[in-house]
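Which chain is which? They are A, B, C, D and E, in the order written, and residues in each are numbered from 1.
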Amino acid sequence: MQIDYLIEAPVRLTARLRVEGFTVLLGASGAGKTTLLKALAGLLPATGTPYAQLAPQERPIGYLPQGCALFPHLSVWRNVAFGLRGRRRARRARALELLERVALGALADRAPQTLSGGQMQRVALARALVRNPALLLLDEPTNALDRATRAHVIGELRALIDQFGIPALVATHDTYLAALADSVAVLADGRVAQQGPPDEVFDRPATRAIAQLIGFENVVRADLVERAARLPESLKSPLDAGAAGRELGIAIRAHDLQLMRNGAAIEGAIALSATIKETRREGLATRIFLDGPMALEALSPSPCGDRGWQIGERVRVAVAPDRMRLVAWDG
Amino acid sequence: MRRGALLIGMRRGALNLGAIGALSFLVLPFAFFAWATPWGRLHAVAGDFDAVRVSVVYTLAALALIVIGGTPLAYWMARREFRGKTVCEGLVLLPLLTPPLAMGLLLALLYGPHSMVGATAARLGLELTNTPTAFVLAQVYAAAPYYVIAARAAFESVDPELEQIALTLGKTPWQVFRLVTAPLARLGLAVGLAMAWVRALGEFGIVLVIAYFPQGIPVKLWVNLQDLGLDAIYPLLWIFFLVALPLPLLLGIVSRSYVMRTETV
Amino acid sequence: RAATPLRVAYAGSMGTVMDQQLGPAFAKANGVEFQGIGQAAYALAHLLESKQMQADVFVSVTSGPMRILLKDGLVREAPPVAGTQMALAYSPQSRFAKSFAGKQAWYEVLESPGLRFGRTDPATDPQGRNVIFTLMLAERYYHAPGLAEKILGPLRNSAQLFAEPSLLTRLEAGQIDATVGYLSAIKSEHLPFVELPPEINLSNPADFDAWYSKASFTLSADGKTTTARPEPLVFYAAVLANAAHPEMARKFVRYLAGPEGQRILRESGYDPPVGPTLR
Amino acid sequence: MRRGALLIGMRRGALNLGAIGALSFLVLPFAFFAWATPWGRLHAVAGDFDAVRVSVVYTLAALALIVIGGTPLAYWMARREFRGKTVCEGLVLLPLLTPPLAMGLLLALLYGPHSMVGATAARLGLELTNTPTAFVLAQVYAAAPYYVIAARAAFESVDPELEQIALTLGKTPWQVFRLVTAPLARLGLAVGLAMAWVRALGEFGIVLVIAYFPQGIPVKLWVNLQDLGLDAIYPLLWIFFLVALPLPLLLGIVSRSYVMRTETV
Amino acid sequence: MQIDYLIEAPVRLTARLRVEGFTVLLGASGAGKTTLLKALAGLLPATGTPYAQLAPQERPIGYLPQGCALFPHLSVWRNVAFGLRGRRRARRARALELLERVALGALADRAPQTLSGGQMQRVALARALVRNPALLLLDEPTNALDRATRAHVIGELRALIDQFGIPALVATHDTYLAALADSVAVLADGRVAQQGPPDEVFDRPATRAIAQLIGFENVVRADLVERAARLPESLKSPLDAGAAGRELGIAIRAHDLQLMRNGAAIEGAIALSATIKETRREGLATRIFLDGPMALEALSPSPCGDRGWQIGERVRVAVAPDRMRLVAWDG
C-alpha cells in the first residue's frame, strides 16, 4: 500500500512511504510518528492518499494509540469487542479468541484500570485487530512488554498479518521490532528520509539523523576524519563528490572501534590517537568515551578489568574500512 | 477504592468532621421536621394525590424535553470553540438567575394569550396559560439550565481521545455518543438530571404565574397553607419527598454501579 | 427607640398605601423603623397562628382571616380601620376597553365572546369569593338569570383563575381584559375601572342581612364542605398578643383609625370603616 | 481545540441546529423582555438600590459560607466509600428538592422565634427571623446543595493518581488540594459556584418566609409588582441582571483560561 | 539501601532486595513491579522498611509513574518545579537546568498535552529528580525513547545518580537498561527471585521464569533433554541432585543452538535431531522453529538464503555444554 500524506499541524510532515507486510516506522522522540498515524486514522486533518477524504469511522483501519486509551467503563473483553457488531455471544467469543492470542484470556472480565501497563497494551492491540482491518496502525505496541511476552505477542501479530495479508505500520523505538520488519521507514526532519528492508537500513543509513537513531554511536564530519586519518580509496572518491555538493559524515558503531595500546601497529585499518575520558560498565561489555581530534565512543566486548583501560590513557583507535558508513550530514 | 490525597496523606479526622458538620447542618431542618410531624393525625388532604399525579406526570414530560433539547446544546458547548462562547454561557445562566417570580412574568408576557407566540399557539389549539402545556413550559425553563450546565461540564471531562478511538473502531458519531461519551459522562449527566428533576418538581414561582392550574405539589402546598393552615402541609410534604427522592437516588446508584467495580484496593 | 422594627403584616392589596404612605409617615412621627409584610391575608393568618411568623400588628381584609387569630387568642379585639367596595377593572390595552368606557352595560360586555375575564382562587382568596358574590348579586339585581354562570363558568374555572401577581401583570399587559376587585387596589394601580352599584359592590353594611346574604355558594376543603357567605369589605387591624412592641403596636392601630390615618386612606381610595369591632 | 467524536465524525449541521435551537428557546423570553422594556421611561424605584446592596452583600457572605462548609463535604463524598453513601446523597438533595415555600416553612419551624434553636439564638442576641442572619441562612439552604453536588462531581473526575504524585513530591494534603485538586476541578467548581450564586441571589420562596426583611432583589420585585405594577419591575430586573451576571461569567472565563492553551490543532 | 516490604493487595508480594546505585527491577508484565514501586512511594498500603510508617509526602523519594501522570494544568517547567519551594525565579532556573539535561530545554513553556510520548516521559523524569530525593523510584523511565535519546537520558541519569549518590530502583523491561545497572533484581512469583550484578543474572538465571524473562528462548525440562541427548558430567551431577529434590530445567539461548545438515558430525557438544517447522527473517538473522523431542528455537546469524534451510527438513541441533544453564523449573 502506497501512502502519501501531507500534514500541516502540529508538525509539518510530508510522508511518502510504502506499507508492505510488517512495516516499522522509526523516528526520534518527537519526530512525528504519532502525528502520522493519527492522520492516517483520520484524527488529524491531512491531505493525501489513501483515505484522506473518508471520515475516521469509514476508514478500514485498526489503530492502537500510544497511550492505549482503553475504555474505562468497559471490561477487558468488551473493550476488545467494541468494534464488533452482532450478538453478544459471538462478540465475546471473538474477543476471547484474540485475548488468548495475547495471553490474556484469563483477564477477560477485569476492569481495565486493574491491569498492569503491559496487560493494557496487549488489550489495546487485541482491540485494534478485532475488525480485520485493511491497514493496521500500531503506535508503540510492545514498549511495555518484557522480552518473553513481547516475543510471544509479536509472533502472534506476524501470524495474523501473514494469515490475513493485512499490512501494518508500526511506530516504535524498539530495534528488535525493527529487525523483524519487512520494511523500515525512517521519519526525520519532517519526511520519510529512508525506507528499505531492515538489513539495508541498519547497514546503510542515509543520513546522520538515521545513523544515530539506529544505533551508530559515532557520526563525525567527514572532513574531520579526513584530516586526522588516512582514508581508503573506497571512501575518498565519494567524499570528493560530497565536497562538491553537500557535507558528508562518517558513521561508525561503537563496537566496531578497536582500541589498542599506544604504539601497537595496525594493518589495513584507519587509525588515530585519542585519550580515554570515561569508562562505563555495560553488562558484559565496557563503554569507553574517548577524546581526541573528535569525541568517540567505543564498546569493548569484555568487562573493563580484562584489558585494564585507564582514564587519561592515550590509545590508538582503529576501524576497519568496511565498518565505516558514509552518510549525508544534514537531512 | 480510588483514594485521593486528602485521604492518603492526612489523618482523616479534620475532613470527616468538616464534612459531617456541613451535612448535618443541611439535614437539620428535615430531621426537625420529621420530629415535629404529628405522625398520629397525619392524613392527606383532598386533592393531594391529584397534585402528586400532576407533578410527577408533567415533570417527567418536562424532563424528557429537557434531555432531548439540552443534550445537544451541552455537547456543543463542551466541544466547540468559537468567539462569543462566553456570551452563550451567560445566556444559559439567565433563566437560572432570574428570580422565579420574574421568570414567570417574563414567560407570561411571551407566551400569554395576546402575545405573538401565545396567540399563534392558541390558534393552533395550544393554550399556553393554565394548561398542562404551560405547566411543562414553566418547568422546562426552571430546570433546563441546570441540566445543560451539569451535562456540559460532564461532557467536557470526557477525554476526546476515547471518542476518537471509538470512531476508528467503525462506530458512527451517534453510536460513539451512546456507547462512549454518555456512559463516561454518566455521573455528571445523572447529577444534571437529578437537579433538573428536583428543580422542576419543586418549582413554585414560575408555575404560580403561568400555570396556577393544573395544580402540582408546590402550588397545592401553598393552597393548603392558606386554606387549612400549617398542619395541612405536613402530609403533602412527606408524600412529596416519597415521590421525588427515588428518582435521583436511583440515578445516583445506577450511574455509580455502572462504573466497573474497579481497583480492589 | 426600639431595637427591632415595628412589624406590620397586612393583606397584600394594601401594599401601596402601607409601604409608601402610612408606614413611612408613622415611622417618622414616632421614631421607629417600620417593616410591612404584605401577603395573602389567609396565608399570613395561618403563619401567625402557627407561630411561623412574628409580627406586632395584623391588618386583614374581611373578618375571616382575623377570626382565625381571634379564635386562637392571639388577638383580643380588632377594630375596623377602612372599607372598600368591589369594582370592575379593565385593561387599557384591551380591545373591549372602549365598550367598558362607553354606554354598554358592563355585564353585557363581560359576556362578549372572546373576552378574557380573570379572578383569583375562591378557595384561598377572599377577593376571589367576593367576585362570585358580586356577580351572583348582579344576576338578581339586573334580572339577568344565568349571568354569573355565563361569565364565570365553574367556580374554580381554570381558564380564569390566576395567582394575584399573575393576574395584575396580565391585566396590565392586556392579556386579561377585565377583572373584578377591590376599588382601593384598582385605584392604586391606576387602572381604568367601572364603579358598581351599592347593591352589588358589598360595601354597604346596611344591606348585609337583607340583600347581600342572598348570595352564597359552597366550597369543599379537606373533605368538609363550607358555605361561603358575603362579608362586609372592611379592613380590621389588631395588636398581636405576642407583639415585640405592644405599646407601639397599639399606637399604630390607633393611628390607622385616627384622623391622620383616615385622611391618608381616604386619599388612597379607601372608604371609611363601618361596623363593629371584632372580638 | 479538543474535538470530540460528533465534531470529527459527522457533518456538523444537525448538532449545530439542535444546539442553537435549544439555546434560542431558553433565551427567547429574555430577548422578548429586552424588546418589551420601555427603555425611554425606565427609572429605578425608591429602595431598588438598597435591595441590590442587600442582595449582593449577603449573597457574597452566603457564598463564602457555602464554600467553606461545602468543599470538604463535596470532597468527602467524592472520595470516601462507605455504606450509606447513597443515603447521604439523598440527604444533600433534600433541600434542593423541597419547594422553596416549604423549605421556608421548615426553616421557620427550626429557626423561628418560638423554636428551640431560634429561641436559644435570640437569647444570645442572634435573631433568626427577618434579620441579615436569617437572610444569609435562607440563601445557604437554597444554594449550598447546588455547590456541593457540582463540586462533588468535579472532584470525582480528578484523577487520584495526580494527587498521589503530588504527595510524592512532598506536598502536604492541603497543598495538594490547593495546587492540584482544586485547579483540576476548577471547571466544575466554577459551575457550582455560579449556580450557587444565581440561586442564592434569585431565591424568593425561602426568603419570603423567614427573611422578608432585609429586602433583597427578589422580594423587592414582588413588592414593586404588588405596589406599582409591571412597569416597576423592568428597571429592577435589568439592574439585577447587570449585577448578577458578571460573577458567573467571570468564573467561567477564569476557569477556562486557566486551562493551559493546549493543542493547537 | 535494604528494602523489605510485604504487600497484600492487589497482588501479594514479598519484596526483599538491596538498592545500590542503579538497581533495575525486572519482571514479566503483570509481575508486580509497579505495585512494589507504588508501595515504596506510600501510595499502596504495605508493611516493612524503610519508610512504611511515613505518609507519602514525608518520604524522601522521587517517583516516576508508569503513565507519566504529568499535571495537565501546569506547563512543562511548572510540572518539573512542582516539588520545589521558594521563589519563582529560583524554581524556574532549577527546572530549566533539569530540562536541559533531558534535552527538553526548548519546550519549557509548552503544555504537557502537546508533547510526544517520549517528551512526556522525560519531563516526568526531570520532575522525579527535582527534589534530590534519597531514593529514586522509576517505573519504565525510557520505554518511550528512541535509542539515541535513551542513551543520552540514561547517561544524564547515571551522572546524577553517581554525583549525588542517590540510589535508584528502576522497573523496566529494557534489557539494555538492565545491562547498564549496578544490580538487577528479578521479581517473579510474588517475590524477588534473584538479585545480583547484571552479568551474573544474565549469565546464570536461577529459575525458568527468570531465564525466559532475560531472553533464554529455550527452557526445557532437564529430564526431557536427558532422555534425548548425552549430557556432560558437569550437568549430570546437579541433575541427579535435582532429581532428589525439585525439578530442573535447561536454558539455552536461541543463538547458542547450532543447526547442522543431518549426518554432519559434531565434537564436544550435545546434539539431537529435529525438524524445521518454520523460519522467520529477523533483520540480519533468521529465527528457526524446530520440532522434535522438544520444541526449540534457534537463531542463525546469517539470512535464511545463505544456508537455505527448508521447512520440513530434518537437522541436527547442537549446543556447546558451556552454553547450557541449569535452572529451577518452578519458582
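Just so it is clear, contacts are C-beta pairs under 8 Å (C-beta built on N, C-alpha and C of every residue); 3 or more make two chains touch, one makes a residue touch a chain.
Note that this is a predicted model, so its numbers are computed, not measured.
Under the contact definition stated at the top, the chains bordering both subunit C and subunit E are B, D.
Using the average of C-alpha coordinates as each chain's centre, C ends up farthest from subunit E.
The mean-CA centres of subunit D and subunit E are about 54 angstrom from one another, to the nearest whole unit.
Taking the mean of the C-alpha atoms as each chain's centre, subunit B and subunit D sit 14 Å apart.
Each chain gets one centre point, the mean of its Cα atoms, and the points for subunit B and subunit C are 37 Å apart. Contacts with at least two other chains are made by residues 47, 52, 165, 169, 173 of subunit C. Counting partner chains per residue, subunit B shows two or more touched chains at residues 8-10, 101, 105, 109, 115, 164, 166-167, 172-173, 176, 180, 222, 225, 230, 263-264. Of all residues in subunit E, those touching 2 or more other chains are 10, 42-43, 55-57, 67, 114, listed in ascending order. Chain pairs that touch, as defined above: A-B, A-D, A-E, B-C, B-D, B-E, C-D, D-E. Residue ranges of subunit D in contact with subunit C, taken from their complex: 105, 108-109, 112-114, 127, 129-130, 208-209, 212-213, 222-223, 225-231. Chain contact summary for the complex, subunit E toward subunit D: residues 41-43, 55-57, 59, 61-63, 65, 67, 69, 71-75, 82-83, 111-114, 127, 130-131. Listing the residues of subunit D that touch subunit A in their complex gives 8-10, 263-265. The touching residues of subunit C, when paired with subunit B in their complex, are 40, 42-43, 46-47, 49-50, 52, 68, 116, 121, 123-125, 158-159, 161-163, 165-166, 169-170, 173-175, 220-223. Those residues of subunit A that touch subunit E in the complex are listed here as 10, 26-30, 33-34, 66-67, 114-119, 122, 139-140, 143-151, 158, 173, 175, 178-180, 198-199, 202-203, 212-215, 217, 280-285, 303.
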